[in-house]
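Below you'll find a set of structures to go through.
Next come two complexes, and both contain subunit A; in the first it sits with subunit B, in the second with subunit C.
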Partner chain A sequence: MSSALKKRIGKAVTWALTFLLMLIICMPGLWVVLTGFRPNREVLAKPAVWIPEELSLNNFAQIFGFGAEQVAIPVPAYFTNSLIIALTSTAIAILIGMSGGYAFARFRFRFKDGIFLGLMLSRTVPGIALSLPVFMIWSRIGLIDTKPGLIIVYVALNIPFTIWLIDGFFRQIPKEMSEAAQVDGCTRWQAFWKIEFPLARSGIASAAIFAFLTSWNEYALASQLTRSTDSKTLPVGLMDFTAQFTIDWAGMSAMAVIIIVPALILTFIVQKHLISGLTFGGVKG
Partner chain B sequence: MAKIEKRLPFWQRESFTPFVLLFPAILTLVLVVLLPLLFSLYTSFTGYRLIRPDSLYNFVGFRNYERIFTDWDFWVAFGRTVLFLTIALNLEFLFGLGIALLINRITWGQRTLRTIMMFPMMFSPILVGYQFKFIFNDNIGVLNNALQSLGLSDGAIPWLVDKHLAMGSIIVAEVWMSTSIFAILLLAGLFAMPRDPLEAAKVDGCNPWQVFRHITLPFLMPFAFIAMTIRSLDVARAYDIVDVMTGGGPAGRTELLWTLIARVGYDNSRMGQANAMAYVSILLSIAFTYYFFRKLIAARRYMGGAN
Partner chain C sequence: MAEIKLQNVVKKYGQLEVVHGIGLDIAHNEFVVLVGPSGCGKSTTLRMIAGLEEISDGTISIGPQVVNELPPRKRNISMVFQNYALYPHMSVRENLGFGLKIAKQPEAVVADRVREAAEILGLEELLERTPAELSGGQRQRVAMGRAIVRHPEAFLFDEPLSNLDAKLRVQMRTEIKKLHQRVKTTVVYVTHDQVEAMTLADRIVVMKDGWIEQVGTPMEVFNHPLNTFVASFIGSPPMNLIDAQITGDKIRLSDGTHLPVPERLENHVREGQEVVFGLRPDDLTPQGHGIAENGHRASVELTVELAELLGTETILYTRINGSEVLGKMFDPRDVSPGERMTFNISLDKVHLFDAQTQKSVRLG
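The block that comes next holds the complex of A and B.
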């Protein structure tokens, strides 16, 4: 076999494998998205209907309460809850994380490694294990089934990782820049907002998106700490469908699409920073 | 300067600033994680049941722990959880490595491929579970439909109902969700890899396998351990997947430690015992994280210290 032919075969194999890989990654999600646009009877048909004959927005209209058939699941309320809870907890976690990340990036202090390890260890507690005591305490102080109750928990959940990422981004900015500004008469506070914050802004934004996604996607804690439309989030609401006598696959898929779409858009925006943040924080720690 | 520092009250001193900056973070974590966990530790020594609030003060010593350690169901779930994590993490590492090497060879469209690769990472575990519940459904699932249309099987294979297949289906979902974090970090490692040692090894007559085994792989290990450390922080996400896909069934065959805690604590309302189990699961998570974190430090040192 000539080496040119060998190279071409190698290239073909690489492309075939890549194609297969992308298929495995994309197909499950795409299938759910497609199902979200198909009527239930086509989903349930036997033998299977492979080429969709009918695509419509009916499922979406129905779960949002516009359709002819009413669905008993209050998706709009869940959507609003998810949005409020995820946005609020992200905003608070980023403020706290910025101040904490700055402390780790710019200061040397006693117990630094110990505090860092403690923060990270708090993140290892499994959601369901944490939910037990939080459930008991929240139900005593009246935070169960309220948005603030869940927001507080998500802030705590997001702080360690936010600090880790933001620490890495601040460390990439040379210390000398803010020192120069301070020599020129800025206070440390001004130097932070005028020099370091603008430079780290895109990194902080990606930490924010990551925190938002954690809250948006969380299930284990939310499923125990929420009860009603007052605070139930979308992932918990998705399980409402399984409680019905026959699973409404089309409606469930439409709801899945509503959960996926914001996540995918945000992932697309954040991908570059996330990779550099994770590897930087980890390898050069 | 030092004299001025002395005269200021302690909270305005430079050396105190980092603690001021970290105060909100520490306060939140103490209130939401540490104190609840201490309460949970106390509860694990009581016979607390949700339906009888006064039983919170019914101190029973180590009885909950004795009971779970002699409980066969608990040990089965514990062993299954460890086995599940071992299989899933190893598969994720192997696939992630393969994918990273594959994508690294491609020059055209690499950025797009990398973006697509990140998508499973951002899927809510609950969605991954739902998606695979739909695919593996015995009656209308796309997998059985495909097998039937291709004539490979005439019956409906009960992927999630069969006691042997159910755990495998859950592992597929878990691996699908988490392989990309390995792939992405290993790919980042491949990008950061210096060219010189590779060239030198080729000049010295190493074959591709030797180059991979002795140069590429050791260089990639810290990146693999970052991925492992990040993963071990959220291994308990598998709870969401199992809860959606099988709910721990059939007949407890897919019961993991985390679903068992939820069942004992919320469904049977035996909070004391559930908290004792929760403590075992927390220690398990910490052990996993600590193990990989140590490996990460060791691998970094082996590389000659990236500091």
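The block that comes next holds the complex of A and C.
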């Protein structure tokens, strides 16, 4: 066998294995998406119908309250809550993450390493372990079932990671950049906004997207801290489809699709940012 | 276009003092080079002048103004960094014009000054490129261009050539010299390369461990080093330093060789004084292969261990009482290792340092 042929076969095998692996990983997701477009009776049919016979947007129409049949679940309200909570908590986390990341990357201060370690260690505590204390405090001060209540929790959840990520990006930017700008006539503040911020932008964007996804997808804490349309988010709303004796699988899947799509779009954006990275042509090498 | 004065300038990082109260007067339009081994505080000193590093004590003034408390942007200086620190997200044109834009100069002025700088440095073709699209030498030029557009009071350079390959370094060195002749401005230039220091400087400041060891023109520093450190740091290959003692009117080298004490040093040594005898390789030449063979001479017999051919000259490695001593052979012929040769020592060029203080005996 020629080595060229061997190479090609090897490549083909690699691709086949990759495909198989990805199929296994993606199967549940694909199944959910597919279910979202199928009528409930087909989903529940026995024996199972493997190849969908009927695909429609009926489930989505029902969820959003169009068409003849309607689900008694306030999805638009959940969607709005999710959006407000995720966006606000992300914005705050990024603002704090940017200041914190910059401080860790650029300044020397007392207990710096300890504080950094502490921040990272805080991530080792599973969020759910904190749900009871948070619940008790929140109910004391009236933050249960409010958007600010959830926003604060998500900000706290996201900050360590955002600081860590943004710190890394600022660290990559040689401090001489900012110094050169200061010699060139900038204040430190101007040097930050004109030089360091644009260079760290893709890192900050990545951090923002990760923070958004965390808040957007979080279920465990939200399920404890929210009750009504005032603050319930999409992942929590998903459980509304389970009644005492029945589960509307099709509706649930349709809603899952609604949750997944923004996440998916954002993930593609992250990827672009992470790949494009930064070209530090301004520095040697 | 201003003088820079350092008075008793101290830099401490916490408890650690890295610059110990140095003083230095730099004249209008003077090209001063700070040179010294790694970690001696050159960059720190330069950065204190730039205002990028606070000073712990003393005063720094630029022109008539004490600048201790002024931020970099108010000192009207520009700086070229070792890694160039060009702004990667801006074109060469934007890089050059950045400082003027920040200073809110009118568009026309910015365009004019950028054109002028680009012309001086031969950057006209590159203006629309980003730093990533430039070669090392071109980046270096852009960094210098960025420094000159603002017509600052002084240029500060921190090892600007150390990232270039040897050939380009020599070329850029010449360009910097020309640039200084064209754009008359005060320059403070940091390097650890003594050749750069010798070729560029009006005055050299030799530093070591946060102290200034000697300040002088390249010739002064080369011909009259104040101590063994400067003697061995300036000049390549470095000056030979051999332990010796004064006995009568002779210098007795550690291997027992006796050499006459040069007349000009007679009054500076005492009987029995332990000294370090300094001799540049250029002044230890095989008979018939020196530059100038007149003047006071002494001769010694030495065994050549190794000959290093450089073309116009050959470096000869020999040994005096166990320590390596280098000589130079001008107009060289082939030399085989182990060959015994008679070397001439130019007594007029001999240096003597006190063994205890390591300072030139002329000072004591």
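One rule holds for everything that comes next: the second predicted complex is superposed on the first by the 257 of 285 C-alpha atoms of A that agree within 3 Å, B and C clash if a C-alpha of one lies under 4 Å from a C-alpha of the other, contacts with A are read in each partner's own complex, and residues count from 1 in each chain.
Note that a residue touches a chain if its C-beta (ideal position, glycine included) is under 8 Å from a C-beta of that chain, and two chains touch if they have at least 3 such contacts.
What you see is a predicted model; the values in this text were computed from it and never measured.
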{"item": "Which superposed partner A:264 touches (first subunit B, second subunit C, both, neither)", "value": "first"}
{"item": "Which superposed partner A:220 touches (first subunit B, second subunit C, both, neither)", "value": "first"}
{"item": "Touching partner for A:21 - first (subunit B), second (subunit C), both, neither", "value": "first"}
{"item": "A:195 touches, of subunit B and subunit C: first, second, both or neither?", "value": "second"}
{"item": "First (subunit B), second (subunit C), both or neither touched by A:179", "value": "second"}
{"item": "Which of subunit B and subunit C A:34 touches, first, second, both or neither", "value": "neither"}
{"item": "Which superposed partner A:128 touches (first subunit B, second subunit C, both, neither)", "value": "first"}
{"item": "Which superposed partner A:61 touches (first subunit B, second subunit C, both, neither)", "value": "neither"}
{"item": "Contact breadth on subunit A, by residue count: subunit C or subunit B", "value": "B"}
{"item": "Residues on subunit A lying within both footprints (that of subunit B and that of subunit C)", "value": "278-279, 282-285"}
{"item": "Residue ranges of subunit C in contact with subunit A within the complex", "value": "50-52, 71-73, 77-79, 81-89, 98-99, 102-103, 130-134, 136, 139, 146, 150, 163"}
{"item": "Residues of subunit A defined as touching subunit B within the complex", "value": "14-15, 17-18, 21-22, 24-26, 28-29, 31-32, 35, 43-44, 46-48, 50, 95-97, 99-100, 102-104, 107, 109, 112, 115, 118-130, 132-137, 152-153, 155-156, 159-161, 163, 213, 216-220, 223-224, 235, 238-239, 242, 249, 252-253, 256, 259-260, 263-264, 266-268, 271, 274-276, 278-279, 282-285"}
{"item": "Subunit A - residues contacting subunit C, complex", "value": "174, 176-177, 179-187, 190, 194-195, 198-199, 278-285"}
{"item": "Partner subunit A, residues of subunit B touching it in the complex", "value": "15, 17-19, 21-22, 24-26, 28-29, 31-34, 36-37, 39-40, 43, 48, 99, 102-103, 105-106, 113-127, 130-132, 134-135, 140, 142, 145-146, 148-149, 176, 180, 184-185, 188-189, 192, 222-223, 226, 229-230, 232-233, 235-237, 239-240, 243-244, 258, 261-262, 265-266, 271, 274-275, 278-279, 281-282, 285-286, 288-289, 296, 300, 306-307"}
